[in-house]
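Both complexes shown next keep subunit A, but they swap its partner, so subunit B is in the first and subunit C is in the second.
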Partner chain A sequence: MNLLIELIRSTFLAAVPILLASLGGTYTYYADIFNIAMEGMMLIGAFTAVLGSFFSGSWVIGILSGIAGGLFTALIFTVFAVYLKTDEFVTGIALNLFALGGTTYFLRQIFSVKGAFTSSKIIPLPDWNIPIIENIPVLGELLSGYPFLVYITFLIAVLVEIHIFKTKFGLRLRATGEDDAAVDSVGIKSDIIKSKAILLSGFYCGLAGVFLSLGYVNLFAENMSNGRGWISLAVIILTRGRPLGLLFMALLFGFFDGLGLALQNTFIPSQFTQMVPYLATLAALFFYSREKKKSKGESKNESMAV
Partner chain B sequence: MKRQILTSAVGIITALLVGLIIMAVQGYPAFDSYYQLFNYSLFSKFSFFSTLAKTAPLILTGLSAAVAFGSNAVNLGQVGQFLIGGISVTAAGLYIDLPPVVMIPLLIFIALLSGALYSGIAAWLRLKFNMDEFITTLMLNFVAQYFTMYLISGPLLDKELFSPMTRPINKSGWLPDLGGLDSTIIISIILLIIIYFIWHHTKAGYEWKVMGSNEMFAKAGGANIDKNYLKIMLISGALAGMAGAMLVMGGVQHRFLKGIGANYGWDGVMIAVVADSSIIGTAFYSFFFAMIQTGAMGMELETSVPSEFVLILQSITVLFVVASRKSAHLLLNRINILLRMKNIKSGGGIKEDEFID
Partner chain C sequence: MADPIISIKSLLKIYPPSTVAVDGVDLVINSGQIHAVIGENGAGKSTLMKVIYGLTAKTDGEIYINNKKTHFSNPQEAVNAGIGMVHQEFMLIPNYTVYENVILGTEPVGRFNILKKEQSRKKVRQLIEEYNLNLQLDSIINNISVAAQQKVEILKLLYRDVNVLILDEPTAVLTPQEIEDLFMRLKKLRDEGRTIIFISHKLDEVLDLSDIITVMRKGKKITTLENKNLSKADLARAMIGRDVVFTVKKDKASPKDVVFSVSNLKYKNEQGIKLLDNISLEVRAGEIVGVAGIEGNGQYELVRSIIGLLTPDSGEIKINDKRIDKLNILDRRKEMAYVPQDRKNTGSAQELSLVDNSIMTHHRINKNLSGARDYILSRRGARDLTDKLINKFEVISESKSQPIKSLSGGNQQRLIVGREFMLSDNFILLDNPTRGLDVGSIEFIQLEIIKKRDQGAAVLLISADLDELFGLSDRLLVIHEGKIIADKDPTKTNKEEIGAYMLGAEAGDYR
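And then the complex of A and B:
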C-alpha cells in the first residue's frame, strides 16, 4: 500500500516538468515551428532558478529568474530563427548545446563546482497542504503536500487549452501554422505571432526548469533536464498538441519514471530502471505509428511537423 | 565555394568577438586568453599532435552527421552509436587476443558493424513503422548511455578500481603511436577520403545528395528512397561507432571509462550543421573544434578562464556561421532584385545575363 502511494506521488511529481514543457511546446507546434530547443530552455531555466533562489533567499525570485532564463533562451531562438531566418533545427541544436555548455561553465564560474551544486541556501518551492483532504487517511497522502507548482500546472493545462482553441490569439496562432503567407496577407504579422509562440514556449519550459531544480529536487546538476525536453516533444507529436491529451501522456510518463524509481530497490540494476522513461517513449511512438498506419494508411512520407 | 569561405569567416570572427566580450565582461584578460587558446593547440609539436588526436574522432562523428543530414536522414544518435561502438570494441578487445595484424582490422570491423547495427534499429523503425528517426535516435542515445554504464559498472568492471571502468583491452588491439602522433588521425583521414569519393564520384552519392535537397525529385528520377535511406543510416552509424572505438584503441587509456564519450557525439552534429553537410567543411570544422578544445586547458592554466568556456564558444560559432550564411544569401537576393527593379524603371528591361542567382 505504501509502495503504491509512493508510486502515485512520484508519478505526479515526474509528470509536472514534462507537462509544463510540452504545454509550452504546444504553442510552437501550432505555429509550425520545429522547436527542439525545449531541452535547452528547460536546462537554463533550472539553472537561473537556482541562481535566483540562492542569491535572494526567496523562492519567488527563484521562479521569476527561472522563467526569465527560459524567456532569454527563447529570445535568442526568436532572433535567429524568425528574424535572421536561420534554420529552426540548427538553431535548436545550437541552443541546446549552448545551454549545456553555458550552465556547466557558469556553474563552475559562479559556484566553483563541477557536476552538481547543492546548498541549504537554495530555497525550494513551498508545499501546499490541502485543507480537509490532508486529514483524510489515504486521499490526503495522495493529493496533499506537493510543491504548489504541481497544482498550478494542472490548472495551466486547462488554461492553455482555452488559450489555443478559444481565443483570437489561438486562432491566429493556428492560422500562422497552417499558412503564414495567408496570415500576412490579411494584415497580421505572422512573424510576431511566431515570436510570441516561441516566447510562450520559453516561459513554460523555464517554469518546467524551475520545478526541476526547486521542486522535484533542490539542487542544480549538469544536464539535469536529461532528455525531458525531447520526451516532451515526443509527447506533443503523440497527442497532436491537445493539452488535455498532454496531461494524460505526461502522467503516463510520470508513472514510468516513478516505476523506474520504485524498481531501483529490487534486483534489477538501476541503469535498466533509469532507461524506462526512454523505452516507454519509444514504445508509445511505436503504438502511435502502428495505429496511424492501421486507421488511415496515410502516405508513408508524411512527416510529423512539429 | 568562395561565398562559403567568406560567410564562414564572417561567422567565426563574429563568434570570437562575442566570446571576447563575454570574457572581458567577466574581467578576464580576453586577448591573452585567445592567444593561449592557440598557443596550447598549435604552436608546439606536442600541442599540435594533441589537437590532431582530438580531431580524429570529431571527423568521424562529424561525417556521421554530415552524411545523414546531407541526404535528409535526421540521425541524432551519434552519442549512442559512439558508445555502442566503443563498448563493443572494448568487449572484443578484452576477450579476444590475436596478432595485431589480424586484431586491429577485426576491431575496426566490429566498431563499424556495431555502430551500424545500432543506427540500423532506428532505420528499421522508420522504414517498417514510420517512426521519425530524430526522436528514436535521441531515445536510443539514453538507452545506450545507461546500458554501457551498466556494463562498465557490472559485468565488465575493473574490480581493482573505484570508478566505473573496464580493464585495458589486450595490447594487440592498441593502435600504434607514431612518434607522439596518435595513429587514429590516419584512420579518420582514410575514412574521410572514402566518404568524399562516395559522396562526389559515385551514383549512390549523387542520389543521396539529391535526396538531401529534393526528395520528390530523387523519387521521380528513379532513386530507391528506402534502400538509400537504409544505406545512409548504416554508414552514418558505422562512422560514429568507429569514433567511439578510436577512444579505446587509440590514446593512452585503452579502456572504456565513464564519460568517455564526452561531447564527441553532439560536437559531430554541430560540426555537420556548421559545415552545411559538406565533407571538406566537416574536416575543417573538426580541426577548428579540436583546436579550441585542446587549447582550452592551456587557457585555463594561464588565464584561469574555465575550460568549459569553449562549449559556449562552439555553440555561438555554429549560430553565427549559419546565420551569416543565411543572411548573406538573403542579402544577395535582395540586391539582385533591387538591381533588376532599377533596370526595369530606367526602361532597360531585363537582360538575360542579369539572372545571376
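And then the complex of A and C:
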C-alpha cells in the first residue's frame, strides 16, 4: 500500500515539469513554430530560480527569477527565429547548447561547485496541505502536501485549454499556425502572435524549471532538465497539442518516471530503470503512428476539425 | 453624377534596383461603378492595387480617398477606410470554418477576451441570406469548392462593411456558370452603391461586367474608356499595342493512326477516393485532344500516370502500340514531349542558366550533346542547341548564361515548350501550357502547338482555360471525378454545355 501511494505521489511530482513545459510548447505548436528550445528554457529557468531563491532567501523571488530566465531564453529565440528569420531548428539547438554550457559555467563560477549545488539557503516552494482532506487516511496522503505549484499547474492546464480554444488570442494563434499570410491580410501582425507564443512557452518552461530546482528537488544540478524538454515536445506531438491530452500524457510519463525510481531498489541496474520513461515515450510514439496509419482517413478529418 | 472615391495622381512604384512597376499613373475611380483595370501580366495592375491597399509602399505620387490625401501603411487601415481586396490567392485559413474565417481580425469578445459568438453568427448568417451566398457557417474551408471559398472572401469584406471591393482576377478559378453567378452578385453590390475594382486580362468578361475600363501597359495607364460600343479588338490593341488574333487559325485536322492510348486506367488514393475511374482515351496522329475539367478531378493524376510519376492501380498506357506504363521515366521521355503545369518547380530549374534548362532531358537522349565519350557533355553541343531553341522560339534574353528565373514568365515558358517540342514529334503531353502568360506568348505557343499537330504529332492538352481548349482542340473530353464523361466536337458544342459537364451533369442533362 505504501509503495503504491509513493508511486502515485511521484507520478504527480514527475508529471508537473513535463506538463508545464508542454503547456508552454502548445502555444508554439499551434503557431507552427518548431520549438526545440524548451529544454534550454527549462534548464536556464531552473538555474535562475536557484539563484534568486539563494540570494534573496525568498521562494517568491525564486519563482520570479526562474520565469525571467525562461523568458530571457525565449526572447533570444524570438529575435532570431521570428525577426531575423533564422532556422528554428538550428536556433533551438544553439540555445540548448548555450543553456547547458552557460548554466554549468555559472554554477562553477558563482558557487564553485561541480555537478550539483545544494544549500540550506535555497528556499524551496512551500507545500500545501489541503484542509480536511489532509486528515482523511490514504486520500490525504495521495492529494495533500505537495509543493503548491503542483495544484496550480493542473489549474493552468484547464486555463490554457480555454485560452487556446475559446479566446480571441487562441483563434488568432491557431490561424497564424495554419497560414500566416492570411492572418496578415486581415490586419493582424502574425509576427507578434508568434512572438507572444514563444514568450508564453518561455514563461511556462521557466516555471517548469522553477519546479525542478525548488519543488521536485531543492538543488541545482548540471543538465538537471535531463531531456524533459524533449519529452515535452514528444508529448505535444503525440497529443497534437490538446492541453487535456497533455495532462494525461504527462501523468503517464510521470508514472513511468516514478516506476523507474521504485524499481531502483530491486535487482535491476539503475541505468536501466532510468531508461523507463524514455522507453515509454518511444513506445507511445510507435503505437501512436500505428494507430494513425490504421485510421488515416479518419485522422485526417480529425486534424481538419482543429 | 458619380463622385470620385479614389483618385490617384502620378503614382510611381519602383521595385529596387530599377524595376518600374507603376510608372506615373493617374486614375480616378468613381463610386457606384464597376471599374475594370486590364492589362497583360506585368502591366502593373496588381502592383497598383497593392499600393492602394497598403500592401506595398509607393515610391512617389499621391492617393486621395474621398478627396482626402491618404496613405495606408497596412491593409487594416484600408479596410477601416472601407476598402477591401480579394486576392488572387485566397487568404483563408484552410481548417477554420466559414464563420471563423469571417470574424478573424474583428472578433467580438466578452470578458477575459473570450469569444462572444451569438451576435456575430447572426450577422454573418444574415449577410449570407441577403446576398444569397449559399454558405454554411460551420463548413470547413478545406471541404468547400473554390467558388464557395471566393464567396467567403467576399463575405469577409461585406462583414467589415467595405465600400470599395478590389477583386484581383476573380474568375481565373471559376467555371462559366460560377462566373455568371459572381457577376450577378457584383452587379447587385454595385446597384447598392458600392464600388468595385475588377482586375482582369480576360476581355470578354471585362466587356460583360464593367462600366469603366482602364487599360494598362508596361506600368503606364494607356487609356480609360466608358464601356460603350467597345470591342474586344479595341481593348486588345490598347493592351498590347498591336492587333492580336484571338482564335488561332487552324485547318481542319486530318487524324491518322492512333498514336497514344490509355485504357482502363484506375487509381485510388490512400483515403480510398477514386481519382482515376476507369479512364480510356485515344489520341491520333495529327489531332489535338483537349481535356476540360474543374481542377482536382483527376487531371493531375492522369498526367502523372502518363509521365510515370505515379503508378496507377491498373490499366494500360501505350504509345504506337508499345506499352509504356511499366517503363521508367527516362524511357518514356524518349517517346514523348511533356510540358508540365508547374513552370517553376517541374518545368525548369530556376537558378540554372538557359543552357542548362535547354538541354534538360536532351542531355540523356540526344547523342549530339555528348562528345566522344557518352558520359561527358559537349559544351558546344549544348550551346548550339540553346541557340537554336532561343532563335526558333523567340526567347527574349540577354545571355545564354543568365539564370532562367531572370526571364519573364512568357519567355521561360517559350524555352520550356521549345525544349520539349525539339524532343519529340510523336506524342506531346501538355498540362496547362499557357497558364498565367501574356497574350503575346499565349498566341505564340498556341500557334506552335498547331504547327506540331500539322506535322503529324498526337497532342493531349489538359487545360483549365476553356478559351484555349475551344481554340485548339479537335476533340474535347470532359473529366469529372476521375471519369471521362463527355467526348465532344468543339465546333458542335459551347462553353455552357462543357461547363455543365465539368460540374458533373450526365449526358442528356443539358438542354
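Everything below uses one rule, namely that the second predicted complex is superposed on the first by the 296 of 306 C-alpha atoms of A that agree within 3 Å, B and C clash if a C-alpha of one lies under 4 Å from a C-alpha of the other, contacts with A are read in each partner's own complex, and residues count from 1 in each chain.
The rule is short, and it goes like this: a residue touches a chain if its C-beta (ideal position, glycine included) is under 8 Å from a C-beta of that chain, and two chains touch if they have at least 3 such contacts.
Every value quoted in this text rests on a predicted model; they were computed, and no experiment measured them.
Q: Which of the two, subunit B or subunit C, is in touch with more residues of subunit A?
A: Higher number of touched subunit A residues: B.
Q: In the overlay, answer first, second, both or neither for which of subunit B and subunit C A:Arg9 touches.
A: Neither: A:Arg9 stays clear of subunit B and subunit C.
Q: Of the two partner chains, subunit B (first) and subunit C (second), which one does A:Lys196 touch, if any: first, second, both, or neither?
A: neither
Q: Applying the touch criterion given at the start, work out whether A:Ala182 contacts subunit B, subunit C, both or neither, answering first, second, both or neither.
A: In the superposition, A:Ala182 contacts subunit C only.
Q: Between subunit B (first) and subunit C (second), which does A:Arg242 come into contact with in this model arrangement: first, second, both, or neither?
A: Touch status of A:Arg242: no partner.
Q: Which partner chains sit in contact with A:Lys166 here, subunit B, subunit C, both or neither? Use first/second/both/neither.
A: second
Q: In the superposed arrangement, what residues of subunit A touch both subunit B and subunit C?
A: Correct list for subunit A: 300, 303-304.
Q: So in the complex, which bits of subunit B are touching subunit A?
A: Spelled out, the residues of subunit B in touch with subunit A are 26, 74, 125, 129-132, 134-136, 138-143, 146-147, 149-150, 153-154, 215, 225, 263, 266, 269-270, 273, 306, 308-312, 314-316, 318-319, 322-323, 326-327, 330.
Q: Quick check: in the complex, which residue numbers of subunit A touch subunit C?
A: Touching subunit C from subunit A are residues 162, 166-169, 171-172, 174-175, 178-179, 181-188, 296-297, 300, 303-306.
Q: Any idea which subunit C residues touch subunit A in the complex?
A: Going by the criterion above, the answer is residues 74-77, 79, 87, 90-96, 100, 103-107, 109, 112-115, 140, 142-143, 156, 270-272.
Q: Can you list the residues on subunit A that touch subunit B in the complex?
A: Spelled out, the residues of subunit A in touch with subunit B are 36, 76, 80, 84-87, 89-91, 93-95, 97-98, 100-102, 104-105, 108-109, 226-227, 230, 233-234, 237, 269, 271-272, 274-275, 278-279, 281-282, 285-286, 289-290, 292-293, 300-301, 303-304.
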